[in-house]
């Protein structure tokens, strides 16, 4: 290695600093999530869609082991057999232990899994201290960090689902929710027709599916300045929302009847009062929190009942980005899970519309620029994932990357809908307005809510 | 009836003439389809997605009875109980007999069902002779005609599926297929970026889901001048297409393994030779026919294998319409089922690319007009339904009509993909380039094929 | 053919006369059953357990073709492909078309199937005229005749089930049921403990599973002189029979909840009145007919509710045989389906207990002989199949015959219960007191009823 | 407490001593089983038929709480909500948490469950010290002890199944198996025909289903002096046992194909060598151990292949009892799980036939007494549960007890077969020759084996 490359190395080490620090911070947060849990809590799996907490802890570790440490050559695996056990769906890496049976694996247990994490963290430290990361390694590292953050959100939502199956309604962690019950008005932001650009741009990290940035024509539309509240959703319920087939997509109506849906997930009616299960135990419904744990079908039916519709992904992204100075950054103000955990509050959405996240100096309004009469758009980042009417599809010119990481996003572009904005279970620094989350239309266990649009 | 209205009636009768004639022609074609069938053939149901032929005959009749005759006041139903029995999915009309059990209904049999048809046809004649149809009645009549044509296609595809379950491989009707086996080259049509309009326009009939005509931005793209052939698809199969997960959507790979797919539907390999089941019995595969009876998953995997992709609905529609003088009309040249039946040929796609359907005088090429260097686009109408990569969603500004007919299209906008162009099982006069057919991505029993695109 | 063999033939014909005559009589009755049916009626299959009528017609024919005509050497099959299509479950004969898909086969249709039957009947005539049947051939012929009679019963019960799925409640054949509603008392026959013999004896035909006749020890028991009536069963229903888990076997309680059972199969309540679907259409419940179309679970729960139990097979057989002069013969008086069809009555059980089938001169009472104080035992043959508490198992010393006919009975000795006595759907000359019918405990579509016992 | 009652208490304590001591010994063994396990091991559920270890620990405790402590009046429940959570199937006690979801309950965890056990044990101590147990209480106590022993066996077999699902093949506890591989001959014990008595008699404990003792007639039979070995079963496998439908019951053949059975449960072939998963990890197959983890279907098919059959329950019980001085006692010599655990051996059957359990002074032979030429009958108690050909049915005169404990046995008398003799997973002092274990014919996760009979 000559001096020249030495210089580069120093620069690179410098440049990498932030990334490595974030690596260890993010890794630490996974363990922070687990702190209040028993070994038993970490091993159960309540449905095929969810995974045991212990599996999330191990799988995110497996990711760094498989895609960074093993290729680096100088790494002794913690246990060779984990490759099979903790592969989620990467066919290029090999066979996978069946997803629906993850709850049958009691060993490695929590303690050993934490040892596995330490082992890999230690090896990661050696890796970054031993040599300058190549560009490819840095890219994988960054993906791995975001990958772990995605699983942190899943840890919270899978845990919530699992605990909710227990008739004892166990408390993950005590914590207050905002409890104001004062109806807040709703206004519309209006947008003129025109060609806009959506998708990610700039130097900051994004997933492959946010690319390429491209042009889209938007016909004129309006979008609500806040999310639908429990108060509003209860009106829909009391107006026979779950009994009127004309409000539902055909598959939605089938789901309503098959699953016996009469309210959002986690809601229970005792006498005339609704309560819901939260990560801080069972609590009364707060009327002005955004409704959450609704499926796409319920979001769509609600919107139809309200004489509106859901926004398309492009409308949502354009509306939100038009209010932000730096729309491509993941450092947006929000109600993020790590901050909630740190402050001791319940991991649950905050009140709807009481706090507009947007920068008052930001651009908003029509496609062509500012409009001082537009209301600020509230709650868009980090409260509830907002269902859009857009099927999750490839952007024009999209190509999945070669190799295993090409299996990350592209292969799921079927029968799922795009959600935008992040939720109270998302860790800060993870989501962006261009971020494309996606779930099947019957999914309800994420913190998913509704924002109305109309044309 | 006074003279005045008499005059109007004459005018109206004149205006309605074409429509009424079409009504009786279309009704007659349903019965023509049934001619070679036994009563037993007409009652079986081979899967939940398909219906017995006898059910199609009755349901299309029920449509006119329910939406035209009963509201007209002066009508004696053939059998009141048919309302329940032959309602497909119209919740506003009432309860429905379970779809998957239509094959359990042996009565009314074929003969009685044909009587039911006569009864309704007779009543329809009285209706149009008795008074001038209102605009609304004319509209329902036109929808009913197109509705029956849709079921005519389903009669042929459901019948094919049902007969294919019989190890005796019964012949619906003898008929030759084109049997040339000479590979035909494939060229690309190129399109520049820009805002285009899609959706229906003009006075001719269209379904609600083709509206409103609206603007879409298309990034530059290329589209193949013909469909993928069996010869090409066999290369994919022989290259391990069905064994390589990296070529498939995740749900597609699940489907491949769950159903054991190794070839398109109806194909069988005996020794080293592939044959397929057709409506004229089992026949050897013709290499240069368009591949058909493939799912969206197979179309998508093939395209990925070929280094291409499927076209979006907007790309397809724009490319095809740009070659036509009258793109909103359903009178396009094609390989339509009624013409095939009349000519005694097998109901099966004709050879790929040997015949460009488009008008040589038509516009084609870039968004901005003609390009004499572009090849003509072949096979687009009336050969195989072409899978697009577009999820079936509402056009901006779409509203489902009020009442039962609002259940026609909008409520199915979930987890299905758009297909364009019509097939050899579609009757002539039914499909248009703006027509939006839709099926679930695992469906294979329609005559569905593949046209490649790339950017 | 020389005189010698001519003489033998005559002798043989003489000896065989009865058997051959019965062959043609029994064959004719299958076609008699079909007379009122349309081709469509004959092709539908309403559940996996049932088969299309057309399939029964063909399969019983296939039996003679496969086991008699083909081995005889000099036979031209009607259609070679029927071997696969109409094999029910004989693994030794070859692969079978999947049972649950028999309703997908529209061809051969009814007419062609009747031709197939004629072809085989003709060949059977040639066979018996051409040479003396060997003992083995005679044996197979006899089994084939009884096999066809079994399928005649299934034709009627499968048809009843299929027609009952049609909301139009079609009538197979008009016919009156006995309609007296006068409660009849019930008495008990008492039996002392001792060793008795059960199983078939003598020269007349029986199935392999009725052998060998063997000794069984019976503790003292009592058996009801008639079957449980609708009147009595309604008391059970009104006493919460279907709501009280303590009355049910564990699997029975699961079945009640899974299927939502609230009454016997085919019963419907309109307002406060119960009616039931019969082969002569929907009719009011007659209170003093024996309850039928109940599962083993319902029979067992009813008996527990009544403070009784079901009889074991040995108890039932001993009690019935003790009242008969010729218990091994199939010519017992009963309410048989061919007689019902001939007389124009509804194929349904006759009133309970109004007619004791037994010969007044017969032996009955204790194991050791007559007891003039015992009441006669009524309804035991040819009214409803009576559930016993006995699991269907091999008799001591039982061996399944070698070859394909060994698959007839023995391989079903698992998870089914023995039923005795024959029903109104059984043709005369088929059942005997030693006859062992068997069905799964959740089956309800046979004419199955309840006779109480206690110890 | 006055002297008088003090005296009685002492007497009673004396009388109860044995029972109370056994209570605490048995309770302690449950905790002994759990010692080598992690909290995670105790919470997983690998199939609907199995339960988490933690559930077994709690449910057996719930039994004493519900049936003894709560009725005693003076008891403060550990947690009222456990009543619902740990009820297995007692409908009379109330609703039950769904069986298949027991693996979703992470709380109470192992530690809290052990506290629950202490709480109940403490209360039990107070109960027995506080007053003389009534006869009914003593009876419930005794049932509770046997109930816990049943669950101890299930803990071991459910654990084995759960660990076997883990690709890491975890070891419950190291321990050697006997490893001699020397074929041992097999002889037949012969029995003359006659009336025998089966069922329990005498003062020692038995379950309701072992009563009443009653008479049965046995035709002459022979029974093997030892169980079928792995060596013999491998011959069956190598002779195409799993490929020959003629050897199987119809439902058995379905199970073979549905589940892809090619060997007993837990067997794996690597190259040409068979190994099996044991509670001490994966080990090579020992040829002369009794084959175990076979279903009834496999036992029956093996017997048919060997030209034999399985014994009936009555034959088995008579043969074994005829060799024992005290057949009604549960203190028979065997290979019991508590002894295996104490001695550090693997919980697995010992070699076949090397050790006849029977008392050389005992009676054996024909029904009428000794026969010095009969070989001793080996392995009958405490090695593998032996499938009999007898369906589990009520003995003549059987009545389920009133109340919740009446749900213990009688309601399962459907579609299960009787197994006799106890296994290496049964704790000592639990099983008797009259003991009637029962499982569905497809069950394989118990230590179930084969003893041949013939007539």
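When the chains are written out, they are named A, B, C and D in that same order, and each has its own residue count from 1.
As a working rule, contacts are C-beta pairs under 8 Å (C-beta built on N, C-alpha and C of every residue); 3 or more make two chains touch, one makes a residue touch a chain.
Going by UniProt, the chains are A, B, C, D = Iron(II)-dependent oxidoreductase EgtB.
These numbers were taken from a predicted model, which means no experiment stands behind them.
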Q) Relative to chain D, which chain has the most distant C-alpha mean position? A) B
Q.
Using Cα averages as centroids, what's the distance between chain B and chain C in whole Å?
A. 49
Q: Just give me the whole-number Å value for how far the CA centre of chain A lies from that of chain C.
A: 62
(Q) For chain C versus chain D, what separation do you get between their C-alpha means, in angstrom? (A) 39
Q | chain B, residues touching no fewer than two other chains | A | none
Q) Hey, how would you classify the chain contact layout here, line, ring, star, complete or other? A) ring
Q.
For a test of understanding, state which residues of chain D touch chain C in their complex under the given definition.
A. 89, 91-92, 193, 195, 214-219, 221, 245-246, 248-253, 296-297, 309, 312, 389-391, 393-394, 396-397, 406-407, 411-415, 441, 455
Q.
So in the complex, the part of chain B that touches chain C is made up of which residues?
A. 38-46, 54, 81, 84-85, 97, 101, 103-110, 162-163, 165-168, 170
